[in-house]
Structure formats: C-alpha cells, structure tokens
Amino acid sequence: MAENTRETFEPNIVAFLCNWCSYAGADLAGTSRIHYPSNVKVVRVMCTGRVNPLFVMNALQQGADGVLVSGCHPGDCHYMQGNYYARRRFTLMRRFLEYLGVEPARVRMSWVSASEGSKWKEVVEEVVEGVKAVGPMDQFKRRQLNW
Amino acid sequence: MKNPYIPYLVEILDAWYEAPGDRCIKTFKVTFADPAVWDVWSHRPGQCAMVGIPGVGESMFCVSSSPTEQGYLRFSIMKTGRNTSALHELEAGDRFYVRGPYGNTFPLDEWKGKNIVTIGGGIGQAPLRPVIQYIRDNRDDYGELTVIYGARTSADHCFKQEFEEMNACGDVCCHLSIDVEEEGWPHFVGFVPQLLLEAEPKPDNAIAVTCGPPIMIKFVLQNLEKLGFQPEQVYTTLENRMKCGIGKCGRCNAGPLYVCKDGPVFSYAQLKQVPEAFA
Amino acid sequence: MVDQAKLREVAREVISREDVRLLIGYRPGTYGFRARPAFVESAEQVEELVFTPACVSNLASYLVLEEKPPLPRGAEPDNRKVAVMVKGCDSRALVQQMVEKAYERDHLVVLGIPCSGVVDMARVEARFPGVLSAGSIIREGDDFVLSFDGKTEKVPAAELLADKCKRCRYPTPLVSDIMLDDEVERFAEDDFSDIAELEGKSVEEKWAYWAEKFSRCIRCYSCRNVCPMCYCEDCILDRLKPVWMRRSVDISENTAFHISRAYHLAGRCIQCGECARVCPVDIPLMELNRKFYKDVEELYDYEPGLSTEATPLLSTFSVEDREDFIL
Amino acid sequence: MADKILKKDKAAEALKELSKFRLFAPAKSDDVVLFRQIEDPAEACLDYANSTVPPKKVVFPQTETLFRFKLGNPELREKNVEEEGTTVIFGLRPCDARAMSIVDNLFSWDYEDPYYLKRRELTTLVGMACVTPPSVNCFCASVGGEPFGTENLDLLLVDMGEEYLVKVLTDKGGKLAETIGSFMENAPEGAAAKAEELAGAAREALSRSIDTSGIEAKLPALWDSPLWKEVSAACLGCGICTYLCPTCHCFDIQDEVEDAEGRRCRMWDSCMFREYTLHASGHNPRPTRKERTRNRISHKYSYFPGKFGVIACVGCGRCVNLCPVNIDILEILGKVVEA
Amino acid sequence: MNARPKIGVYICHCGINIAATVDVEEVVRFASTLPDVVVARNYSYMCSDPGQALITEDIQNMGLNRVVVASCSPRMHEPTFRKTLMSVGLNPYFLEMANIREQCSWVHEDRIAATEKAKRLVESAVVKVRRLEPLEVKEVEVEPSCLIIGAGIAGIQAALDIADAGFKVYLVEKTPSVGGHMAQLDKTFPTLDCSACILTPKMVDVANHPNIELLTYSQVEEISGYVGNFDVKVRKKSRFVDVSKCTGCGACAEACRQAGRIPSEFDEGLGMRSCIYLPFPQAVPAKYTIDKETCLFLTRGKCGDSPKCVEACEAGAIDFEMKDEMLEFKVGTIIVATGFDVFDARNKPEYGYGTYPEVVTALEFERLVSASGPYGGKVVIPQRGKKKKKKEGEEEEAPRVPKNITFIQCVGSRDKSVGNEYCSRVCCMYTAKQAHLAKDKIPDAEITIFYMDVRAFGKGYEEFYDRVRREGIRYIRGNPSEIFRRGDKLVVRAEDTLTATPMEHETDMVVLSVGLMPRSDRREIIDLLKLSSSPDQFYLEAHPKLRPVDTATDGIFLAGACQGPKDIPDAVGQAKGAASAAMILMASGKVKVEAQTSVVDEATCRGCGFCVEICPYSAIELVEVNRMGWPVKVARVNEALCKGCGACAAACLSGSIQQRSFRDLQILPQIEVLGVSD
C-alpha cells in the first residue's frame, strides 16, 4: 500500500473485547446498523482479565497503530473481577508506554456494556481519531523482512 | 563452494507412522526436488542431515536409509518439539528442506569380515537401520549379523515389517523385546540390556553398535563388557543439540568434540576419554 | 559500620549450626576495591568474610538462582537452612520472595546489616583508575576512606555513593534474625524527581532517549539474571512456543525485551538497583523500574517488599482504583 | 610502505575520507564506548581505553540473516554479504584484531562459513596500539598478544602524543593508507624507535599475567575438581563474559516470519545460558553453572587450542572488568595452575 | 499423532446482509491462499441446513479437521456450528468464527474497507483455528442433597421446599434452636401478624420432616469439593444433655444455681436465664442445653456438692462427659442463609446507648413489646443490670412506663461515619410498626420518629406508614446529633431539616432503629466456601440482577439477609429462589462444567500463587509435586470450579498457566495477523 501521509492515514487498531459486555455491545451496534470506522479489528476473549498487557507491545511491534481493550463496566464483570484486574494492569502499562515515548492515545481502554451499541461506536470513533492525530506508529515496528 | 547453510528442497515420496503416542515416530521417504542434487549428495551409514522447514526451524537427524537404497533418503523422526511437530504434519507430496550429509560414519570398511551386533532401543534404531541395510546389501563382506532391538510395547517397535522380513529371510539373527508383557508377543519380554545378555553375542571378531536412550546405553555398555567386548569393539552415536551442523555454532560440543563433525559415531574407547560425552 | 570481627563471629556460629548448610556473604574481590559474593559452607571459610561499602551485590538473588539438576534416585534434597547477609534494600527482596512463596521464612537465617550506603564501583574506579592491588573502602562519617597501594584518600560519601542509596528509604533490613549493627535511620528521601523529569519530556524526546539506550542492549540478560525477583523456571522471553519476543537484536526486539522485563517487575521491583549496576552498556534500567514503582505508589499506595503478608499488587484490586483514562 | 605520521588534527579529515566505506570506529554512547558505523568523524572517539563491546560484531554481527524465504515458495534467497562493500574497522585494539584471527580458524575449519569469511575479506583492520593498558585486567602478553601487537592488522596506529605513527602492515593496509595518503606525511627518523620504546613501556605496564603453559593439558585432568563449584558459585548465568569476549563465537539459528515472508538468521548465543544445551526432553548435559563455567574455561584454554593450536583468549580483560560478581578468569586459571 | 491442520473456511452471504457490503468472492479467494486452508467456500446462508451440509460433507469427503465460519457473531451461531462439527464426529472446539456481519458488514459502508477487514478477520480466525486443541465437555454428577447453613426463616423455608421436593437436606444451625431473628419479633409489618404464630409451625415442620436432618447447636467446620460433590464436616457441639432423654420439662433450669443470672441471648439481655436453658419457650428442638461458658460445673469442675440440674432431671438426660460430635457427609448443593447481625449501637456513642437505660435498640424493643418477652409485653424502661436475684421479701421496683417515646431511624445505616453506606431496608417499616405497637400499648404516649427519608416500597407498606402517621405519630425529618440527660428526661438534639430549625426534644425513652449488618463471623463462612463480599461486606451474588441467589461458585447459593438487608417476604422469596436453583441441579443430577478452562504446565510453574490469589472461583490451589527429585509447589486447576475467564493466564509471569482455546499460543498469532496494517 502507498505511504501513509497524515491526511490519508488510516490507523490500524487491534481491540480486545470481552465476550459478555463489549463484544456483545459491538454486536448490538451491528444489529442496530450503527456505522463506524473500519479501523478496529477485534480479538475476542472471554474476559478483559485474560488480556496480558504485553499483548499491546506485540500488537505495536507488529505494526498496529493503536490498541483498545474493552470490557464490562466495573461491577458488571461476568467473572466478577476480571475487569478490575485489567484496569490495574492497563493503567500501569499505558503510563509506562507513555514514559517510553508511546503516545497515550495509542493505548486505550473502555467500558462498553452489552446494551451500549452506540457507546461502542463513540469509543471506536474516539480511538480512531485519537490515533489519527498522533499519526502512524513506526518507531517500534519490527523491521520489514524484505524478500 | 556451496553455501553450507542453504538447504536442498526435498519432496516426500511416502510417509508413514512407525509408532503411536505423544512422542510418535514418523518415517519420511524423500527425494530431491532437483535430481541434480543426487550427483553431489553421497552419504554413508551413520551420517546425519539437517532437516527443516523455513519459518519453523531445523533439526539434526540421522539418515535412516543406507546409501545402497537408491533414489531416496529416509528419515525417521520422533515428535518432540516445534520443528518435529511441524514435520509430522507433512504428508506424501509435501516438501521440506535437507542439508548435509554431515558428520562421520560407521567405519563399515574396517568392519569387513567381522561379525556385527546391533543393539537398539526405540527410535535409537534409526541410525542402526542403514548399518543393517548396508550389511545386508553387501552380505558377503561381513560375518554374522545379529540385530537386538526392543521398545516399550510392540506398537512402539520401529521398522516392524523389516524385522519380520529379516526373520523370514534368515540372513540376520534377530532378537526382539518389549518392556512389559503383552498378549500374543512371541519374543522376549524385558529391557534391551537383558535381551542382550539373553542373545549372548560372542565378542570374538565382533563389533557391537548400540543406539538408544541414555539409560539403555549405560546398561548395554556394562553388559557388553560382561560379555567380553572391548571398548574398541563397541560403537555408538551421540545426540546433542545442534544448530549449524558444520562445526561452527558450538552448540553440540561434548568436551573437545564437535559431535556434528567429529561424530556422531564414536567408539566407546574414544568416549571413555571424554567425561562430558555421557553427561 | 559493621564490626568485621563480630560479623565473622556471628557467621561462624551460624554456619556451625547443624541446620544451616550455606551462608552467603561477601569477601574481597580479586582486584581493586571490589567485593564479591562468598559462599561459606564451613567455619574455616568465615575468615574471608567482610562487609564494606564495596559489598554491592544483592545476595537475595542467590536464594532463587540455585539450579536444581535431577536428584539421583533415592537421594534426599538437603533441606537445611541458608543463611544470607542482607542490607536494607536486599532485605526487601527476601520479603517479596516470600510474598511470592519462593520459600518459607524458616528456610532462612537472615543476617541483617543496617547500611548507610554502598559505593558505585564505576565512580570509584573512574576516580582511582588503575588500582589493581586490593584496596579497601570504609565509611567514616560523611566520607568514604579509601586505602590502596599504601595511600589513604578521603572522599565525601555523596561523590561515590550509589544512586540507589541516595534515595534509600529502608537502610535497615526489614527482616532479620540477627542484626549485625545498630539500626540506621533513614538518611535519604525519594521524591522520584528523576522520573518526573523524564515524564515531563515530549513523547518524541522520550522515544529518542530510550531508543538510544535500547539500541545499545546486547541482550546478555544480566539484568534479568541478577534480579532477585526474576526467577521463573523458564522465562517467557526465552520461549519459542509461543514467541513473545524474538531473539534477534534490534531496536524493536530490544524495546520489547525491556518493556516485558520492566512490566514483569511492576509492583515487584524492590529497588535494589542490581539490574542497572550490572548492565555492561549502562542502560539506566532503574529508570524503567522506578517509573512503575512511582506509579504503583501514587496510584495504589503500594510498595512491594515491605510485608510478607501483602497481596501481590496485580493479583488484587480496589473497586476505587483510578480509571480516569478509561472511555 | 614506509611508516607515516597522521597528525591528530588531520585525523577527522582522514576519517571523513574513510567514511565513504562502511567505517566502524569507537564512539561514545553516554559513557559507553562501542564500535559504531561512523558517518560523521566527530562521533568517533579515538581517545578511548577499550570498547565495552568488542568490534567482532562488525564481522560477526549479533544477528545475521542467512537467507530469506516466502512461505509457500520453494526459493531461498541467500544473503549477499558482498553488497555490504568495503568495510574499515578503525582504531581497534590489537587484542581484538588478534581475536579475529583466532576466530578465523573456526569459521574456516572444514566447512567454510561464507558470511563470516566474506566479510573478513571485505574488512580492513586499522589498529590502535595500547600505549597504556586499557584496564588493570589486561593480560594480552600472557596469551600471545602484545599491547603493540600487529597480528592480523592491516595498519597500526601508535598514539605519539600530538600525532599517530601509522605502520602499514599488509597490502590491504597499504591500499587503505593510500586513500588517506594526502592527510599523512612520512614518519620522521626516530619515530619507529620511539614507538618501540612506548611498546616496551606498555608491556611493562601490564599488571596482570598468568603462565599458560601446561593449562591445556591440565584442564581435562581437573574435570572433577572442586574448584569449578567454588569459582562458579557466584555466577549469575548471564551472557556478559561471552558476549563481550572477542573470541567467543557461539551462535543460535532461528527463523523469523512476518506476514508470509521470513528469514533464517543466526544470532550470538552463550554457553553460559541454561537453554544453550537444554534438550527438548528437559535433559541438560550441563545442568548447572558449574558445568557451564568449566566448559567456558576449558573451551578457551584446552579444547580450542587442542583443535586449532591457539588459546581462544586474547587477554583483553573484558570478562573480568564487566562480570557483575567479579568472576575472574585469571583467578580461575591461577587455581588451575596451582591444582 | 498429529494430523496436519486441514482447514475449511465457509463464508456466509447472509442473504445480502453480508454480501451487500463485503465482497464475499474476494474473501473466498483470499482465504483459499492461507496456509493449511484446504477449501474455502461461500453460501447464501451458512446456518441453513444446506449450508451446514456443505461443511459436514467437506469434513467427510476432504478430511477437514478445522473449520472457520465467517458469518454473524459467534454469540449467535457458535453453538449451531459446534453442533454441526459434532454431528460428523469432529470435536466442536475445532471451530472458530469470524464475525463479518455484526462487526463488519452491518457497521461499515465502504465496500473495499469492509472487504479488507473481513479478510483480516478471516485470517485471524484461520491462524487461531490452526492452533486450537480438542476439548472435552465434562459433566459431573450432582449428589441429590443440600446443605443449608443457618436456620432462620430463609434457611427454614429453603429447607422445607427442597425437602418437600424429595431431596435430602442438612440444616445446620449454630444456636440451640432454629428460628433466627424472626423468632425474636413480636409482630410483622405491615400485616401485624404475630411473628411466632406464623413461624413456629414451620420450625416444627423442619424438625419433623423425614428429608431434613436438623443439626442445631452445630457448626460447619470444613467444606471441600465442587458443585455436585461437596464434602462437609460439621461439628455437633455438645449440649451436655442427651436429647433423646430430655423431655423439655424445664425442671433443670429452675433448679440451676445460676437461675435468672445469665442474660438471655434471645431476650437481648433484657431477660435472664439459667446455665441450662431453652432459648425460648417455642424453641425447636425443645431440648435443653448447658452453656459451658457459664455452667459452674463445667467452668470450675464443681457445683455445690452436686449439680442441681442433675438432681432435678428425672429423665437422667444430663451428661457432663458428653463430647462434640463430628459428622461428615456429602452434598451436591449448598445454601448459605446465615442472616445478619444488628448494628451495635455503641458505635454511635452520641446516642448514649449503654449509658442511658432509657435508650434501647429496636430489637430490644421487640422483646419489650412481645407478650412472651421479659416484661410480658409491657412497654417499660428496662432495668438493665439491676436484675440481681431479689432478696426474700424485697419489694420489686416497678419499671417505669414511658410517656414520651422517641424513635431514631437510620442508626448504623446510610451512615458513612460507621462505614455503612447502604440502606437497611427494614427499619422504616419496623419503626412504624413499633410506633404503632407502642401507641397501642400506651395510648396517651407521645411518639416521635426522627427519620432521614421514609422508604415504604413494599406491598402494603405505604398504606401502613400512612395509617401510623394518622395515628398521631410525629415524624420529624432530621438526624439527631446527640442525646443527653436533663433531669429525668433525655434530650434529643436535632435539626428539623424541613424547616431548618434546630431543636431539642425531651423524651422518656429512645428506641434506636438499628440497621442490619453482615454477620460479625462472616469471615468463617467466606473462608469455608471461598465466597466473596460486596463492598458492603454482605456476601456477593454472581450477578446483581440476573443471578441474585447464585454465588461465583457453582452449586452454592445465597438466601436471606446474608446477601444484603431484607425483610421477611424478600428473605422468604429469595430462599425459595435459592431452593429452586439448588433443585435444578439436583433434579437433573448432572452439571456440565466449562471446557475452556485453565491448565498449568507443572514443569515450568514457579508456584508464586499469583493465579491462586486472582482466581475469583478459588479454582486454583498450590500443591507439592516432585520435580526431578525436588519437592516444589505448583499451581493446579480444579476444572470443575474453573469458569474459564483466563485472568490467571494474564497474571502468570512464566506463562505456565494457560486458558484452553485462549492460550497465548493461540492469541498471539491473531495479534500478528490483525496488527499488520493493510
């Protein structure tokens, strides 16, 4: 694909969604035909508690421009506590990556319940806009293995 | 000179399972995709090759066919890790890569005229198979050939048909065993070192070659000594981790030996000098 | 400073005990001002033991570093205790190791050394280059007194003190069976101004700063291996199945390595500073660990390695944990 | 070619000229000296003791592609080292240059390693004599080297204060000297003698030494000696001693794939790592740091000399200087000699 | 042996739902180029019978062993396609779905972008399915019996329901009698039924029910196991009375040397009992118990020449040698019905409870107004601490009848200063009831209620509240700040917040409407059952809305006020809910356990216990294993308890604990695929 310029830059965002709230919320956005940008690609996990913050690192290394982790609102976790664990882990990881020079706009987290199809759209839009504003993530990408 | 790190492409002619289980064994019969490679390829019994798939990795295996078997190479591979798992997924028609042949060989020329005893356990029969095959294909050059082989169960026996065929043919004296009693098993029940004592090969003018798990080797060597074999008459192969196969990467060293270059075949007399060989 | 004769006397007593198999302490190094770990298995060996401001190593690492090759059939593992000398900072490693159930408290005999600071050996060697014959360093008031080649030099402590000691909150061991000296009062404060300064830079500056440091990394893993908290049986960073991080050395993989290492120490690093000390290419690893440390303290009011009763930071949560960044 | 003089104030210009090649010279990153590819002569730091990481990585990169491939495509594309072009390592210490000649034995033994050897062929080594020993732990003279050693060098520079005396040692060196000829002048009478004097003094200044005769034979006999446990007790099992050793050359080979394209590459490995000898079965022939330390010392001082006739150690002292727990190869060798 | 992955990819048009936005043909072309994909097909409706037949035919004809379906959300049709795989003998967990409808075609407009995204999602499913492993859906048998802890009204009701359904019930009660707090109450609001009248028949029923094994004066000591298979150990404390001989005549209690000296728990210390006692007249079982804390013989080894009770007992039931008995049994389900404690009013020192005898708690007031109470149902100012055994002939000082009674609501509820933010839900109504009863007994009394808000949300509650107000009871909105004595009156200082006027209110008696608290000994149950607490410290339900009687642990349910403050109808309702939840398990006899559970690589686990701490289901424990001769601790997962959330896997530093179907090995390749920018 052609070089991304700031104007045409379409960020690639990997999202980790918990099965019970956010994935269902994203499904609801679909059933409600709520349109949103196609930049976010979802990995489904059962709970945000499963998401290892090092996954963020892997995604960025692989070339993702941003990462989103989304789960149930506090207190609503299907497994009671998973989102609380995730919140701690990601709070720390996000601050740490910022300290290394990774814009915080690239590492986002949200609470989207199964009923919040429209919130999912807003989250996606906000994350995409945020990443667009900081541009492509090149510095940490694995060097291309040119054939 | 050819870059020794670049492997040759081979095509699988046939592939089958020798033994089941978590650590199952699969045999691949392959030929070079480019027939011209046959002109530069020559291996001798005991020699090894790096076998692998780009994107997965490479591992060292002995060539389990004899050079007297023309037009193909055989590899019998136990599933132990990442690379072997990927190889096990392959079937006839699939392709992988091979480079070699590497290492030294069993001194079959020196052994001419002697009685040969092979003692193998489990997948350890793979390096012995080319020796047996080579001798059978040059039957007149050698004395008696005694094959001693055992595995955990009858299902775990590698090269089953070939043993049957040898027994039928009668040019080989074949002793087989399994570790624990099984219904309908007509042969010995017990471990290979015991089977060796049972078979009681004579040390005179004989060479013993043994391959198998380290614990088996340990007791086979003891029992060969009991039977009167001298260290110079006993040969085995070493298997260390290898990466380059050509004496550079340092991984396979056992004391001063580069197993990939100086080995894999060693006489017991040689190994006795190298304490790390049995580590 | 610890009375060396008393130290040896205590050590002799301890190692003579039937239930103690090993005492880990310090002995003079092979050259210059260095001191190094000593592994004492009998009373005869205690004569070489010392404790001086040159005793920089965190010996707690050895409690989890021991390799356990297959035990011969029928052999019984030696369950006798291990005695270990610890400074204030080192003692926190013991606490954290126990929080993580690396061993039970009664596995140890802890010889606590209240510590007023160790030297940064690189500073010493830069100041007195070319000293081969064994020199000694002692603490006298606000100075270090260095003796070598028949000479004696006095240097204000602050000039040679290791950075971590300048911020030491816990100079007296938090856990010990035998305290070898009087308690040392906290003589320094840690305001994390170094971290705050870096935090204040722009993302570009930060990335440039770290990229330069990480590009030097040769992935010798000394930072990992020396760390008293890094003792996984099988480090995920060495794994091939799955590959978390490639072994090839370049800025991307090096950065991944340092992120992984630092993250795995979040809420666990006890600030002994060993990783930064051993790095042959001077990557300021503590600036990574300290970032987590600072955040963890600010956000969760948590300091690892203070109480064996603590719950590991990331194995717990509070409903009230901050979440201002969450959409 | 006769000896030349390169005035220090001309050195930058000479380096600028050399930077049309792949030029590596010592440079500072914070306080760490490393060999780096130099574009701007100002980056070079010729006034250095010794580099933390030896220049071996120029000819034996820490990570090196062997070939590339595309998944599903049988073709393998070999890495072409030739493309890297002429390489100059400027200002390396004689011990590091000598180390390369020692490693050459390994890479040209039996199978020739095309990557390494090609790069060696492309590389010109410009040494910098050690007027003062770079560290208290230098012991090059004990293992066949010299502070002013010329082995394997193409040019040798001697720091005479205001200027460098440039000794041309090989044709390759001569050619390189020609390219910077305009910045040099002929060495005056007596320069060589003065250099000899400096060399003598430098040799005198080496403070550590070991009598290596007999170690090769003695090491195998000490296989079961308790000394190994003693000297390895503090070992952390890290890779500092081996990665920073100019003669250590072990490597691993791994495949990396990215989006259906990949490469097979090799990277430095260390016999001090547990995983180095670990079998898939979990069996480890060198299960503890004791066996690994024994192997490291034995390899350098017994196995390698047994095979190639030369000790695989050049006495640069890096492993002693940088070992976090002061494991000291000279102390170990001392114990071997005594034992 | 490994079969090489042979993947079939099936892309659904979903009519035009997908095909209108995603170029399905293009996705098929792309999918067929992916490694190990043997076949890629598209079809108008994959979920239709012919669509499923495409898959089953390919599995059978082409030897597929992995299937990717790219269609709607897996939340919709994952079960469908799992069944499809199973129908031809393929393990159902060899399926991965790519959600190209809800999360692609329906939400994107740009056909090119949507198609590109669909390709990536399919690729991500392919790389994952390639690494999936077959899983087994296990079922465990459910023992048809239930342990109920606590025999208050909730426990009693649950026990009766379950027993009536034919299942065995073990009803364990810590005190000597069943009944709980409800037995202490006089009347119930809003109907003013006699509490004892409606409760005691049920108490008798549980004692007599053939399916109920009633274990009073007993405590659960140990519980292990998992849903369907809990092993329970109960300590049956010694009563020192042989219940088989005790006739409940009460001669012993009268004879007791300490008779009338021991504060009665049932009467909230307002009445007195003997060392050998029946908690209250209607107690079930009607058997006496010796309190070993106060019995002279048991504490000092001597009671006169011989214990009087022994002399008095004609049945010879008293046995001072009696030991605690341990019972062990197996149950399939557990209901926790341990109830509540009332707030300890001493924690609000400004109200002077414990200082002024005129200040009583609402529960004490219940005992005062109860006809069976220590004052025979008279509303008086209790004579606390004065109840020494009166000397012969001494005139008893008559208790004072208050003319002015003040109730203060929200004592210990909705009060951050004591750590209780919650509303106790019953106080408004019981205060109204008590005010009514007081008015009933002392018609000329002035009755004032200080309140913050009145919450009368239940059936008939608002009506009752209205009725009480009309009876002349004064409601003042305001939270009193202090109570002090002035002469023979107590003064309540408060602010009427409706008029914003500070006031001092003189009164004869104050009744504190204390709130409901979690049991002070709740930790024991939490540790026994590995339950969690909500922030208010009551036991935590699995879901506040949809699983209000379940706990995080399968097979363990909550009933009554242990889960949060409740009035009687709510407690009974929840008890019936818990009973029915337990009966569902017991009736089906089997329960499926999660297949996508966590699993530990014991060879690399370092036994740090992070996962053990983190697991909300207590499904992981550390066990000692032998690692090449060395004893080491490693984590082990009880698969019957694991719910497959994977939080442990993200916490493990060495990657030694992994969640099946969501292993690092399976997720990382997805990230690798999705991370690549187009």
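Residue numbering begins at 1 within each chain, and the chains themselves are lettered A, B, C, D and E in the order written.
In this section, contacts are C-beta pairs under 8 Å (C-beta built on N, C-alpha and C of every residue); 3 or more make two chains touch, one makes a residue touch a chain.
Quick caveat: nothing in here was measured; it's all calculated off a predicted structure.
Undergrad: With one step meaning two chains touch, work out the least steps from chain A to chain B.
TA: Step count on the best path from chain A to chain B: 2.
Undergrad: What's the chain with its C-alpha centre farthest out from chain A?
TA: For chain A, the chain whose C-alpha mean is farthest off is B.
Undergrad: Would you kindly say which chain has the C-alpha centre located farthest from the C-alpha centre of chain C?
TA: Ranked by distance of C-alpha centres from chain C, the top chain is B.
Undergrad: Counting contact pairs per chain pair, which pair wins?
TA: A-E
Undergrad: Just give me the whole-number Å value for how far the CA centre of chain B lies from that of chain E.
TA: 65
Undergrad: For chain C and chain E, what's the span in angstrom between their mean Cα positions?
TA: Distance between chain centres, rounded to whole Å: 46 Å.
Undergrad: So, what's the distance in Å between the C-alpha centres of chain D and chain B?
TA: Chain B and chain D have C-alpha centres separated by 40 Å.
Undergrad: Using Cα averages as centroids, what's the distance between chain A and chain D in whole Å?
TA: Each chain's C-alpha centroid was found; their separation is 46 Å.
Undergrad: What parts of chain D, by residue number, touch at least two of the other chains?
TA: 71, 252, 254, 256-257, 262
Undergrad: What residues in chain C touch two or more of the other chains?
TA: 69-70, 240-241, 244, 246, 250, 314-315, 319
Undergrad: Two or more other chains in contact with one residue: find those residues in chain A.
TA: Within chain A, the residues that touch at least two other chains are 53, 58, 61, 75, 81, 85, 89, 142.
Undergrad: What residues on chain E touch chain C, complex-wise?
TA: 535, 603-611, 613-614, 622, 627-631, 633, 651, 653-656, 663-665, 668-669
Undergrad: Within their complex, state which residues of chain B touch chain D.
TA: Where chain B meets chain D, its residues are 1, 3-7, 9, 33, 54-58, 80-81, 95, 97, 214, 240-241, 243-244, 246-251, 253-256, 261, 275-276, 279.
Undergrad: Can you name the residues of chain C that touch chain A in the complex?
TA: The touching residues are 195, 198-199, 203-211, 244, 246, 250-253, 255-256, 259-260, 262-263, 266-267, 288, 291-292, 295-296, 299-300, 313-315, 317-319, 321-323, 325-327.
Undergrad: Please output the residues of chain C touching chain E within their complex, sorted ascending.
TA: Within the complex, chain C contacts chain E at residues 68-73, 75, 77, 100-102, 231-236, 239, 241-244, 264, 311-312, 314-316, 319.
Undergrad: In their shared complex, at which residues does chain E touch chain D?
TA: Listed in rising order, the residues of chain E that touch chain D are 35, 603, 672, 676.
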